[in-house]
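Order as written gives the chain letters A, B, C, D, E, F, G and H; numbering starts at 1 within each chain.
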Amino acid sequence: MRELLEAVATGEVSPAEAETQLRGYATTDAGRFDAGRETRRGVPEGILAAGKSPSAVATLTQAALETTGHALVTRVSEADVTAVTDEVADGVTVAHDERGRTLVARCRGDERPTVDAEVTIVTGGTADAAVAAEAETVLSVMGVDTTRVDDVGVAHLGRVLDETEELRAADVLVVAAGREGALPTVVAGLVDTPVIGVPVSSGYGHGGDGDAALAGLLQSCTVLSVVNIDAGFVAGAQAGLVARAVSDARHGST
Amino acid sequence: MRELLEAVATGEVSPAEAETQLRGYATTDAGRFDAGRETRRGVPEGILAAGKSPSAVATLTQAALETTGHALVTRVSEADVTAVTDEVADGVTVAHDERGRTLVARCRGDERPTVDAEVTIVTGGTADAAVAAEAETVLSVMGVDTTRVDDVGVAHLGRVLDETEELRAADVLVVAAGREGALPTVVAGLVDTPVIGVPVSSGYGHGGDGDAALAGLLQSCTVLSVVNIDAGFVAGAQAGLVARAVSDARHGST
Amino acid sequence: MRELLEAVATGEVSPAEAETQLRGYATTDAGRFDAGRETRRGVPEGILAAGKSPSAVATLTQAALETTGHALVTRVSEADVTAVTDEVADGVTVAHDERGRTLVARCRGDERPTVDAEVTIVTGGTADAAVAAEAETVLSVMGVDTTRVDDVGVAHLGRVLDETEELRAADVLVVAAGREGALPTVVAGLVDTPVIGVPVSSGYGHGGDGDAALAGLLQSCTVLSVVNIDAGFVAGAQAGLVARAVSDARHGST
Amino acid sequence: MRELLEAVATGEVSPAEAETQLRGYATTDAGRFDAGRETRRGVPEGILAAGKSPSAVATLTQAALETTGHALVTRVSEADVTAVTDEVADGVTVAHDERGRTLVARCRGDERPTVDAEVTIVTGGTADAAVAAEAETVLSVMGVDTTRVDDVGVAHLGRVLDETEELRAADVLVVAAGREGALPTVVAGLVDTPVIGVPVSSGYGHGGDGDAALAGLLQSCTVLSVVNIDAGFVAGAQAGLVARAVSDARHGST
Amino acid sequence: MRELLEAVATGEVSPAEAETQLRGYATTDAGRFDAGRETRRGVPEGILAAGKSPSAVATLTQAALETTGHALVTRVSEADVTAVTDEVADGVTVAHDERGRTLVARCRGDERPTVDAEVTIVTGGTADAAVAAEAETVLSVMGVDTTRVDDVGVAHLGRVLDETEELRAADVLVVAAGREGALPTVVAGLVDTPVIGVPVSSGYGHGGDGDAALAGLLQSCTVLSVVNIDAGFVAGAQAGLVARAVSDARHGST
Amino acid sequence: MRELLEAVATGEVSPAEAETQLRGYATTDAGRFDAGRETRRGVPEGILAAGKSPSAVATLTQAALETTGHALVTRVSEADVTAVTDEVADGVTVAHDERGRTLVARCRGDERPTVDAEVTIVTGGTADAAVAAEAETVLSVMGVDTTRVDDVGVAHLGRVLDETEELRAADVLVVAAGREGALPTVVAGLVDTPVIGVPVSSGYGHGGDGDAALAGLLQSCTVLSVVNIDAGFVAGAQAGLVARAVSDARHGST
Amino acid sequence: MRELLEAVATGEVSPAEAETQLRGYATTDAGRFDAGRETRRGVPEGILAAGKSPSAVATLTQAALETTGHALVTRVSEADVTAVTDEVADGVTVAHDERGRTLVARCRGDERPTVDAEVTIVTGGTADAAVAAEAETVLSVMGVDTTRVDDVGVAHLGRVLDETEELRAADVLVVAAGREGALPTVVAGLVDTPVIGVPVSSGYGHGGDGDAALAGLLQSCTVLSVVNIDAGFVAGAQAGLVARAVSDARHGST
Amino acid sequence: MRELLEAVATGEVSPAEAETQLRGYATTDAGRFDAGRETRRGVPEGILAAGKSPSAVATLTQAALETTGHALVTRVSEADVTAVTDEVADGVTVAHDERGRTLVARCRGDERPTVDAEVTIVTGGTADAAVAAEAETVLSVMGVDTTRVDDVGVAHLGRVLDETEELRAADVLVVAAGREGALPTVVAGLVDTPVIGVPVSSGYGHGGDGDAALAGLLQSCTVLSVVNIDAGFVAGAQAGLVARAVSDARHGST
């Protein structure tokens, strides 16, 4: 702890980051930011913008930048992006993915980690794009390279069979699927690596809004694990944890 | 009507059958038997044994035999089979399918119709066998020949792809599937003929007892029509109506 | 394959259509268009506009036109119609059905097939009109002539009984019904041909939004197959597959 | 009150009945019996045997007999019937309806009231028989004559149309229906009198156990009121209240 | 029938009304209007404005006026009221109840029937007002006088006990209740006449939107019949049928 | 800690109790027994017998006796009672409540605490008796005296109003109610003390098994807190915590 | 009563307040205001603004002010606040809490009671703030001081463990939690005082809108009582009743 | 392929195994056994005994032994174990786990693979034991060593905090939890490795049978993936796939 306090004294470490390292979280006007999650849990603490005001989003983004050097915000509106962009200091880059509704801010010099393992993200159709993009962003922040295999819904098996080699090349797969949710089962039947299924809130009538897809993934005849409907962030982060474990094993660090 | 009454007078037609032809249904101690359904609707009136006493089942079977020359009973217990066998007249044959829990009784000389069209019944696994057998029996009573393609669940796509030619040869398909219910969607993606999906009450936990399968079939990205969970009788009869329409068209009768 | 490539060389076939014939689908900016579905499956690949931007709808419509000569778009908004109309080439006709919210575009010279079998579409009340119109459009694209029997809800049996002859004339029926969903059961009790029921999302309170109608159709005491709530496209396409099978049988082509 | 106490003194009224008249309920070892319900509410307090031990049923039956002169017990087992029969005093008649699982006990000299209005009970099939019998018993205890119209399910409209005159003759109708629950709507469309629908717990799969029927009755396009699934007692009692109001009006007593 | 046609010839009866009397319904651009319902069923055919365009509402209102002399429209918007008011002929009065969202139009000289029986409508709180008003309007059209007992929710029993005399004076009661839906049970425990409960879509969280109230009414320990959530029209009409039966009995007409 | 270890050395405290005091739980063959819960949480750790073998129940009972001097077991079968009785040491008393299916074992000399506050347990009918008895037992173990007010269901308001004084005398009330669950709302409207509602799994059809009661309690128009269906243990323990807080305040100990 | 009427005569008591004291409620144009609830029940009658017009809210606020000296309004919009502020008499203070959407109005000289017991309100994250604020306001009106422990969600146990002393200091706790609703269980495991859990309507997909949190609280392995989703008012009022009981016991008043 | 056929010729490989290697599955009287799953998918094809007859289980076990050298059967009854034991050849070992209801049969000389990665299985209480045992067995067959951390439910946080080091030592964790399902969230907050949550069908009333636990896991504020209720097999197999990926990376094989 002495080291840390000396670093504060010399200005190498900001007081906010020091408090966070000591207590595990930062207290801001907009709530406590669990900055310690990243070291404790290995997953960036995502800031869920939905249900918060743009100014609260900007405040929490600041807290994340000050304590961890970067920030990941999900389900952002245009107003959130503007509020964050207006408020961040010079030298902070802000990347906004419209489709996935994510925003990543990063202080100058902050580097994302490097993970030597590959995650492939698979979608059945255009309705799955936003969920896949959210997963892609969290994986990118975790330092994992991703490949995309899109529009391979099972109504035409040729599309997914054409990609068998690509699917088998991944260390872990995230497969998003709405409607009847059959794609993750079909994909998991083709590979010998872990598959994480994400039900997507497409569909209509009975079983719509992702309910049929969730139930179908939970009932899959093959081996899958599942996250909640539209939970691209969770699926991406879980895939990232697996990828990092593989990468660490490759490099002998665990 | 005169002709009918004269036939009664001469004993060619039993009074019970005559009343049925005139009113459209027969009245028995165990309830009214809708004997006219077969001519009016083209589907044999199935007697659902579940929830009835064996003696009520036997009485209704008698009513069916007297008015239509044959009887189809579904969801039979051993006791039902015994009760029916004990009570039917000489010369009546009784066929009991244990797996599908059906019973077909037929008077001597009663002939099943001949339908020139083929129905293929497809199952994903052993849990679908009872439902498939029920469909097979009703189709047999309607005079339709059936082919079976079994155990081709989508967890291993090779099994269903190996049967593509067989699947394409049918005029109409009945596809039963439990768990996540993906098979009917995959099959319907391989053929250009009508597919009728039957969700099966397998599975466990969330979406178990056929709920996930039903929702998945209703949400299918391809074109399917669906019947209720475990409704082998309804799926078979609907496939039989389509087959008969095709057969009649082949032979110019409609 | 040589023939096809020569046809590309001479310009008889566009490269896009050739790729589609070879791979079974076309890749566009807005997603893969399953152009092969129509030959493989016998059902036009409907483009579901709901949830897509007007420009994505226009791009996919273009892909459909280039690869199959026509396009069927469902659940269109006014903006979708404008975007498609603005972008299609000269000589493409665009037909928009407001009630059914469908759009059909067709290249000059593209002819719809001719199916010699009749589908009758039956509705219980005005709330069923949009669903019926969607079914009617897909059947029209498949080349099937349709008859409409409207506003014959069972609260007044006289209305449906008056149409018995009309109902019996069809080769296959699509019956739409909201609220308690009793109409398909009553209609199926009057005819000896296949009936496909469509629950409609009318109603309110417990069982509203089509839930009671769906459950009622699945529990029907007569023989019916069912599609999801408001699934006019699926019901129409399934009826079209049956009609085509009957037509082919009439003309000896299968 | 003096009159009552004098009647107790002279033995015309038992102390138990006097306490009941004063407090409105009787206290027994097996619980308080709401003996006052019949005068206060016009409906016999039914003793629900299900979930009680045979001896508790017998004790409550005794309490009912002592305070009101008769007892109505529903959902009885064979053991309940034996327990009651063994324990009642000489001169008490015990009538047990096996199908409806009801028991009515009556002291010598106790007379059921006379209601001059008719209730018709309608069923769709044999599965509705127990519910109809329960309604019939409660109406009988209330002094109302009932007519039965059975097995007129809508899969064959002829059956119910044949009974139109009978249906129109009633002052109020109780219509029981399982599966899709369409019968009460069809019946209510034929008459101009109040119809009370009872969903029955038949059916299977989605919407089974009376769920589809309940939802269908609540969504009916015509005018109906509804009771819970299998609530033959409630439907009968409500019909009885209407019948009594009509009877009283006929005889000028209200 | 001759009489009717002669009345058409002399102009006493319009052709539209004559067709309606003969066929039982009128055909308009906006759908078939079941004008015969009122004579056949004793209940005015309500026009449900929700989900229809103002011009369709006006057209159906016209059809109702021409065939029955009056029209009852429920769930009207301001635009519907304007459209109807603009289009009706001179001499037609239009009454709009804002709270109940109903509209009643009546031709000059058209008289509502007179029913000699009283219905009391009871509410628990202000959230029940719209439902009660809808019931009141349909009863008024049926010629039944209504009394209102408002804001007597069971959280304060004194309020409802103070009204006991009023409640007992009615021939039949409609009791509306949202949230936990306890009021109809409490009221039914105080009177000896039929009670019809209407669950109201108030409440929040688990069991909100009337679900708890509906379930509570169906489970009531006392005798009640129930209509769907917010079904003021149905409750009012059912109460009206009972009231008319009582009135007819009072005046010896049945 | 030294004191404790010395007490172990001298035999005043058993090693098992010492370990429990140090670690907060005891480890047995049948699982870890959270013996510390009582001191940490103020609530006896109930042993839920349902789903455990009689011998496992006996083992855990032993662990509880050794570490806390007494044991409370809920949902016991006859076999559980026998197993416990056979195994406990001399001097341990075993009290079994058949109705509540509870068992309380107590070492000689172990005294239950004394709480100076009163809890009244209220039930609507006989179906609530088991739940009330379970609550009563846990309160007794916590040292709280309870009063019972039984069979005061709201179908007859007189019963509950007669008990108003009794209800107002309590410091806190537990009110159990099945079917429509109206009783806790009515009781809470009569008193100015905390009311804890317990929904009971009585009822049938829609909303049966306690679902309607739970939803009704959560929607109550008055102020209540609620526990899960049939959770007599939880309701009793929560009431006991309130009672103890009141008692401590009375005696100045907090 | 004479005293009260004399006070009216001398003007000490307004006629409205007198009527309220005599009847227990006040009748206004906007409904009956249960002014007596506060004395009868010990809980301020909250006026739920949601679903009422601003002018109705203002009228009921007036009724509350005139009969009880203060008013508590929940779920207010900006328009409600304006309407109330415009209409209240001089000397009435109006306090509006934006986050909790509550409004408290108080006549000059009206004093809130003093309760000598402490309630701690605990939240898991920012989504719980509105619910906590609503609870805080009702407790403030009841005269109870509250402490807040915020943002201690269980994903990082350190946050809640750091607050253990604070949590143990309270007499009763209100714990709000959305998503998986684990916080109240964890908190209740740390204290020996009553905990009231409030599920919050955060979350998404399966179990969203508070459904998972509610189910989780009802299933808690520890002792909790629960209120409906987002029911901050009810949780606060129930905690207030417990606090007042403790305070009264401390000061010997009960 | 030649090599394989020569091996068949020389008897090194049985014809059954050869067919399986060529087609990917074996056909038996009791259904097709997907023997290729293990090589294709890396997960042993589990035979689900539930719903199959003992003799069918024995037949499928034989097929598995002949084609893969070992067999894993889940949800076995005593009768299944007897049937398998009676039928297997000499030299086959049969291991039966009563708690997890699994059976593993292995031919002499068949070796399980070795995976150099550790999976820790965590349970909240004794109700989770069967699920944990099922996961343990599948992991054992996959060659993965497992550690157990049992009875650490969150009602007493000390239990789980005491095990933090143990939890952090694993490469991947399977956490089973019933009731409110809070344990996987708490565990995942303590480690930086992948956590797979298994909801367990304990609990009662609302959210019982694992529903609350499933919803809670899907809503978790931390990063988790989930399997269906009681799906110990799936959770174990998914953890095994992750462990094998890590092991392969450690040893450079991928």
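Operating definition for what follows: a residue touches a chain if its C-beta (ideal position, glycine included) is under 8 Å from a C-beta of that chain, and two chains touch if they have at least 3 such contacts.
What you see is a predicted model, and the numbers here were worked out from it, not measured in a lab.
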**Prompt:** If you check the contacts of subunit D and subunit F, which chains show up for both?
**Reply:** E
**Request:** Quickly list, by label, the chains bordering both subunit E and subunit F.
**Result:** D, G
**Request:** Between subunit D and subunit E, two touching copies, which fits better, same or different residues at the interface, with half of the numbers shared as the threshold?
**Result:** same
**Item:** Relative to subunit B, chain with the most remote C-alpha centre
**Value:** G
**Fill in**
Rotating subunit B so its CA atoms sit on subunit D gives an angle in degrees, to the nearest 5, of 90
**Message:** Taking the mean of the C-alpha atoms as each chain's centre, how many Å separate subunit B from subunit F?
**Reply:** 55
**Whole-Å gap separating subunit A and subunit C, where each centre is the average of the chain's CA atoms** = 39
**Prompt:** So how far apart, in whole Å, are subunit D and subunit G when each is placed at the average of its C-alpha atoms?
**Reply:** 45
**Request:** Averaged over CA atoms, how far is the centre of subunit C from the centre of subunit D? Could you give it in whole Å?
**Result:** 50
**Prompt:** Which residues does subunit G have that touch at least 2 chains other than itself?
**Reply:** 40, 125, 155-156, 188-190, 205-207, 211, 214, 218-220, 222, 228, 231
**Item:** Pairwise chain contacts under the document criterion
**Value:** A-B, A-C, A-G, A-H, B-C, B-D, B-H, C-D, C-E, D-E, D-F, E-F, E-G, F-G, F-H, G-H
**Fill in**
Listed in rising order, subunit H residues that touch subunit A in their complex are 40-43, 117, 171-172, 188-194, 196, 214, 218-219, 222-228, 231, 234-235, 237-238, 241-242, 245-247, 249-250, 252, 254
**Message:** Residue numbers of subunit G touching subunit H in their complex, please.
**Reply:** 124-125, 153-157, 161, 179-182, 185-186, 188-190, 203, 205-208, 211-222
**Prompt:** Across the complex, what residues on subunit B touch subunit D?
**Reply:** 23-25, 27, 30-32, 34, 36-37, 40, 51-52, 56, 199, 201, 210-211, 214, 228-231
**Request:** Please give the residue numbers of subunit A that touch subunit C in the complex, ascending.
**Result:** 125-127, 150-152, 155-156, 158-159, 162, 202, 204-207
